[in-house]
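Structures given as structure tokens follow.
In what follows, subunit A forms one complex with subunit B and a second complex with subunit C.
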Partner chain A sequence: MKQKIGVYICQCGSNISDYVDVDKVLDSVKDLEGVSLVKITMFSCSDSTQNEMVDDIKNEDLDGLVVASCSPKLHLPTFRNVAIRGGLNPYNYVQVNIREQGSWAHSDNPKKATEKAIQLVKAGIERTKYSNALEKTVIPSEKAVAVIGAGIAGMKAAIELADMGLSVYLIEKDFFVGGRITQWEDLCTVEELASDTVTRLYDEVKSKDNLTLFLGATAENMSGSVGNFKLTINIRPRYIKSDFNKDKIEELTGKCKTLTPNEFDFGLTKRKIVFKTYPGALPDIPVVDIKNAGDDINIINEFKDHLDLDRKDESITVDIGSVILATGSDPYTPKVGELGYKEIDNVVTFQEFKRIIELSPNGKLKYNGKDIKSVGYIYCVGSCQAEGNMYCSRFCCTCAISTSLSINKRFEKIRFYHVYKHIRTYGKQEVLYDQAGRQGDIFFKFDEDEEPVVSMVDGEGTITFNDLLTDGEEISVSPDLIVLVTGMVPRDDYKRVAEVFKAPIGRDKFFNEAHPKLRPVETVIDGIMIAGASQGPKSISESTKSALSAASKADALLHKGEIELEPTLAMIDTSLCEGSGLCIQACPFNAITMIDAGGKKLAQVEKSACKGCGWCLAVCPHDAIELAGYTNNEMEGMIESLITV
Partner chain B sequence: MEPTTTNIEKQTAAGVDVTTYDALVIGGGIGGEEAALNLANMGYSVIMVEKDYSIGGKMVHLSKVFPTLDCSACITTPKMSETIRHPNIEILTYSEVRGIEKDGKIFNTSIVKKPRYVIEADCTGCQLCEQACPVVVQDQYQYDLVGRKAAYIPFSVAAPRVAAIDIENCTLCGACERVCPPNCIDFTMKEEVIDVIVKSVIIASGFELFDAKKIPQYGFGKYKNVIHAMQMERQLVPTRPYNTVLRPKDGKMPDNIAYVLCTGSRDKTIGNPICSQVCCMYSIKQAQLIMGALPMADVTIYYMDIRAYGKGFHEFYIQTKNMGVEFVKGKIAKIDEKDDGDLVLHYEDIENGGAPKTATYDMVVLAVGVLPQNNIPELFKNEVLELDEFNYVKQTDKLVNPGMTTIDGVFVAGTSSGPMDIPDTILSAGSASAETASYLRRL
Partner chain C sequence: MSKINPEFADTLAKYGAFDITACFNCGTCTSICSLSDEDNFFPRKMIRASVLGQTDKIDSSLEPWLCYYCGECSTSCPREANPGELMMSLRRYLTARYDWTGLSAKFYTSKLWELGAIILLALFVLVMFILFAGPMDTTLTDQGGVKLNTFAPAKVVHIADWLMAASLVFFLTGNVFRMYWRTIVKDESVKIPFKLYFTEAWKFVFHFATQWQFSKCGDKIDDGEKKKEKTSTYWIIHLFLMTGYVLLLIMIVGFLNWFQTEEIHPWWHPQRLLGYYATTGLFVGLIYFTVQRIKKSSEKAKFTHYTDWTFLVLLFLTTLTGIMVHIFRITGLPYATYYIYVIHLMVLFPMLMIEVPFSKWSHLAYRPFAIYFSNVKIAAKKIKK
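Our next item is the complex of A and B:
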């Protein structure tokens, strides 16, 4: 038991001392058994006080340290460091929170706030008395990362990680890289074409020796913990041999007759069963869609020497230290009949519109064979909804407006009507909004609670709404094409991905970050990072930034090749354990196994998997498990002192 | 190049010992801290130069942050303390980079450490000098809401927590010197020039607030009850000087407060055509905080468009609307002051017929925008750091390498490249640090 504890009561400027009578706290604890020194400090965290504590530990030969100040979330590491600098084990330090749980919470009642602070400090001293010196365990970790998704964010993160010297597994479920931006080609706010960007990144991906790209691959299962995960990947066959004969495959493609809707063009076009999603798709190897082959199966068999028809799904397992989820987003798909979608011929989504532009012949914007001379945008479809997707999709305003500008450079004059709820061309993108107005685009604003109506009027698809910019007047426009400016939603398989990686999901169904302000690419699961639009709607540049941030976090975690584990782990008292196995069921991290010790069944904790959550303690019928740093002695001592006035 | 394992490498250039660092980070705000910490955690050595007495930048002075209403100081100070304590980070406060010259793969850098007239290593932050000092001037850290002494600790959570003497206002009476327990006040302190070699540079120098006096029709500086948003922010922080919100002219608790959005943003007449990205959201946040501080007060926000675009922002805006904050679409043309200090706003009520209207308020808050710091290119003596058309540091490969600038080895983070909120700044800084790390590896 600790006999020479130093206690520091912090005023936190006046944050604490305005409401808590710190002198009274000092008087109440100074004569307690085991306390050898009590001081009041202005700012315990300041350098000068820290140095004073270090000197006290050394000069007074303290064996325990208590600082009564703010939340341990804020300064626990600070004072553990002070303990170390003074030569004390950091786990003989206890932080007592008398600010968030004291002065701030009870600013209306200083007397009670003081009483509470006294009890909390006494409990902290009691805990310190029973505290044990603990040592962190260091385990070797894999210098390897899996990146899920080879869109812009995934490729960029993978390249950077490879540059940093880590082994990278880049796992893409599609057979081609590039993700959603390949469907756009004409990008917003920059001159660059999507295919150029994707080619640039793909070439870099291919040039890295320590980067392995898996296509047609999905992550199936993951076990282990930060630093040492095992990830199982399923790889579907492409059915084309890696050393394929280009002429033969072209001949095969020529002979194939069966056509299926091309998902890449949202079904606007049809494709063959031997195909690339678009002519420039990378890698430049087609894929065979055997499932939809139909009558073409005979032709396929004719060419079997050039194909890999016997190939089955393959499963491989890789050892990794960390994961970056860069699974991207899907466009919001309106319900049938939502603003005329799929009911009125000339209503399309924005993402379909981007394909229509790319599929249009030079100089003429065409849809269903008809010339398009005017376009009506309806904004916030699937975003900023009163119910459902309440979030703003962030990219749509800028991209829709940017497209209205670029389209007019590419085709003959096209008139744009923008029917909006909010125009959010934030930052420098504002100038595009201004340019669109100058180009002659017409903007109408509808009320947040009064969505426009799309209906057939005199045989024409028509948008009707009350325009707030002209005193709520009812206005109808019948453009050649009605474009629903649809936002982003998570990928359709987000739940499956989240399950594999235990990644947390937010209310908006995107992956959730550890802290929205300061830790936007980390999750509460150690070692699992999130990047790009999988965390929430983002532009390309914003996705790249988050991918690079995630890469730097992964490198910081893994570059040393070893990981420190907190010593606050479950400990089994083998003399008490009866092998009930209840702890195994309770453990959320599969960290406990049953071993046979000379005929007796005993529970055993795997240190690298234990997170010190304490579930097992609560269910053990024989009280055979203790949590280091939170032992029964420490906890009971605290409770005893809390209830003793 | 592998990360330097030791903090400091000594190199001899021209017979003088010059310290070499892997990276120079200009600016110790939240962006600079994030970039420096990332690099330091990856094993690189960093020197950070901060022009102010303390690191922490603008964020440490905010009350709560949108959309989560986290206490800003409480989430910033651990980051500041982590930066200060990191063995791979060296920090020079109250210092400015004077010149950077590229020489092959290195940058010869000259830094000026200005005298704060207090010996940093000895000061305990006891504030006795502050109590002894007879001079009272306006406190720039409180945006002139209250006074401070000429000998002072910049602000309560300053890092380092070391006093400074404001020599401009000091009367050299010597009162501080006489009371200082460790005798660390030194009026003979001189400007010091520190030369270092760095292998890369991250510009994270942040932004300037728009000076509301440049729109004279709003009366800022003339009408006392017209304040700018940072002044309101300081009235709402946990250590708020008045413990409530007061209007400056007569100390009355305001019953109705108006926000004027886009003050200095989206306005070609003052030369800033772009949107500042943060003002809508900070105004909405302040409106919520005011409803807590003054439950009976009405808040009206005059806006052009509500830019609630980030994660959780739109939801926060709707919540605020539902709490009773009024939103009026209309740009304020001008503000008049009545004899009693009340303010009359002239605006076009766009959504209700578009007629010119007036409305009277006890207090007006100008939601001032952000502007670039445009002295950055001058630091580079033999290379050209280009700016974009809005005078922010030009990003030469925005989509794929967002931190890249026109100088190889120089990267940009946070609001030095454009208006940005805190999460975007963190991402931008993370990105710049990753790009710097791979640049250093290629060296």
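Our next item is the complex of A and C:
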């Protein structure tokens, strides 16, 4: 029990003292048992007051500290530091909030505000009395990181981590790297090709000794906690040896007949079963799609000496300290019939349109063999919905408009109609909107409650809408190609990935960060970072920025080789524990395990996994669990003083 | 449901200088325009119709004629799209649309057609003189004046005048009727009770005579004082010019026998006073507008379509030769008088034949008719409510 507690009552200029009678608070607590010093301060957080507190702790030999001021969210770390400087354990410091919960909340009733402040300070003093000195736990950690997804964000993060000296496992589900951007090829707002960008990154990835790339690989299971995870990876066979005979494989490809829709081109083209997604795909090794081989299986067997047909799925486990999820996004797929999609021939999504551009011959934009002279964009398809995907996909306006500009440099004059809800070519890209207008593109705005309708009119796919820019008049346009500017949604397997890594998912179904401003690439699960579009729609540059932040957060966490943990963790009193196991069920972090201690089943807390949430305390039928920093004595002391007037 | 035709912008571009692609629908032009109110988003509605090529909407609109081009929309346009000039172009376009012969569109879009027509009509006048002119009598009257009525008897010229006036009326009436048909008859949103055509008729006369619509220009502008001054100078000079040429037209077409005499009247005689008033009005007006266009001193003078120059030049030459005829006649220079008289008519005739029904001068009719029609419509809507 602390007997020499110093209590400081802050006026916060006049923020507190205007409504709380600080002198009365001082009078009410100065004679309490255990209090050896009470002071009123103008600004407790000011340098001079902090120094005064440090001196008081030393000179008066204080064993506990209470500052009644603002929210601990603001100044808990400040006064814990004061405690440390005075030679006190920081956990013997208690902050009492009499501003947000006192003067500000009850500015209409200063008398009651003062009464409440007195009770709160008294409770704080009680808690300090029973507080224990706690030390941070230090655990050793692996200097290795797994990056999930070898798209642009994943590759960028992996390269950066490797440069920082950590071991990196880059795990890609596909057999080729690059992710979504390779499907775009002609990148927006920069005159650069995705294949060049990916080639550059891939070469860098291959040049790092401490970076291992797994292709056709999926993360299956992860155990352990921050600093010491065990990740099991499943690797599917490519069926082609890495030292393959190029001529023989080409011969095999030539003989294959079976065609399947090429997912890479959203089914706009067909591919063989020995294939690369696109000619420049990396690594430059084809894949054999045995499942869809059909009759070609015989040809494949003919070439078995050059193939790796006996290979099975392989499972390996790696030790890592942290994970970066860079699994990217899928394009939103409209429902059949949504704005004519899959029902009207010339309706495609924006992502399909990008492939159509790449697949068109030089100088002529063609779709289904027909020349395209005019294109009608319908914006916000699958984004900014009243119900469903409420978020803005951010990249679409900019990319659609950028494409309307770049396409006119590449093909004969194509007229663009932009049927939009909002145009958000935010930031530096605002200039694109201007350029598009000047090139003769025509913009139409529909009300969000009146979505456009796509239907067949006189044999032509036609967009009909009420144009707010023409006084709400009903207008229709029949362009050669109707492009639904579809946004981003999480990858179809986001749930599986989230389950493996316990990654939290937001209402929009993307992975959720711990704090949008202060912890933008971390999740509430320590050691699990998120990067790129797996977190929410992002442009390429935004993705790489978040990848670099995630990499530096992972490095900051692991480079010392040990991790400090907050000491406010669950503690099990083995003398009371009866091994009911209820705490194990309650723990959301899988931090409690059951051990056998000489025939007696006992619960044990894995310190590195425990977050100090307190769920286990509430369910323990034997009251065998205490939370450090929030012990029963402290809590009961506080409650006692709060209810005693 | 209306279909759009963005290629219309290319057609319209031939009628004036504006950047239709610059417009991003902000509506600044409409908030500054004194003609815009909650029922009528002017000029924005017209701009949008032009962008989308909604020609039906443009054809049935009276609004472009109500605009007297104060130019505020153009100066305040953040994109320098020049909406004021777009309205000017729409007026040229509408003039061409009202004209059923198709000549107007040719004159507005082809310099060759315009120049060709002028030369053709001038030659026609020359041929007529060669065929039908009287002798060039060099003897003078008792007062020392030239015997003009011997060379070109007023009675004969008067008949030619009437023929010309009849054809002008024929074309112009037809065009005004087409304007009426498209803007009133085809407008299904409003039925006009017959009596309104009479009760509102005074507005036609009033606006024709006073050009009162000018006074609305610059109403919404902060530095209104200065603008108002500029606007009223413009208004007075335009009125002076307009009354001048209307007066001359009346004297030539209605009273040539009285206007073209061999007798030299004293200076205070109404024939001379009216003539001097009219020619001064024309001269002052022409110099003012020409200087404005050369100096580009106001928004409306910044761009001059070649048809504007044609009008100014022809009117200037007509006035100049007219004055010369008068001077040569009373100072007794027979040949000078006769030749200049021929030239005078060679300019006058093409000017009236081209400008009045097919080009710039038709606004003399279209503007007051537009105000009249639109007031009839407003009155009809009020009754309906």
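In this text, the second predicted complex is superposed on the first by the 640 of 645 C-alpha atoms of A that agree within 3 Å, B and C clash if a C-alpha of one lies under 4 Å from a C-alpha of the other, contacts with A are read in each partner's own complex, and residues count from 1 in each chain.
One rule holds for everything that comes next: a contact is a pair of C-beta atoms (placed from the backbone, for glycine too) under 8 Å apart; a residue touches a chain by one contact, two chains touch by 3 or more.
If you're wondering where the values come from, they're calculated on a predicted model, not measured in any experiment.
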| item | value |
| --- | --- |
| Touching partner for A:S476 - first (subunit B), second (subunit C), both, neither | second |
| First, second, both or neither for A:D492, with subunit B first and subunit C second | neither |
| Which superposed partner A:G440 touches (first subunit B, second subunit C, both, neither) | second |
| Greater subunit A contact set [subunit C / subunit B] | B |
| Contacts of A:V190 with subunit B and subunit C, given as first, second, both or neither | first |
| Touched partner set for A:D458, first subunit B, second subunit C, both or neither | neither |
| Subunit B versus subunit C as contact partner of A:E160, first or second or both or neither | first |
| Common interface residues of subunit A - those touching subunit B in one complex and subunit C in the other | 434, 469-471 |
| List of subunit C residues in touch with subunit A within their complex | 1-4, 6, 9, 19, 21-25, 41, 45, 48-49, 51-52, 54 |
| Subunit A-touching residues of subunit B, taken from the complex the two chains share | 3, 34, 38, 41-43, 65, 67-68, 70, 74-75, 77-79, 81-82, 84-85, 123-127, 156-157, 160-161, 238-239, 266, 273-277, 305-315, 318, 329, 350-354, 388, 390, 392, 398-403, 418-420, 422-424, 426-431, 433-435, 437-438, 441-442 |
| Residue ranges of subunit A touching subunit B (in the complex, touch as defined) | 13-15, 42-43, 45-48, 70-71, 74-75, 77-78, 81, 104, 152, 156, 160, 163-165, 187, 189-190, 192, 197, 200-201, 383-384, 390-392, 394, 422-431, 434, 445, 468-472, 508, 510, 515-521, 535-536, 540-542, 544-553, 555-556, 559-560 |
| Touching residues (chain side subunit A, partner subunit C) in the complex | 415, 433-434, 437-440, 442-443, 464, 469-471, 473-478 |
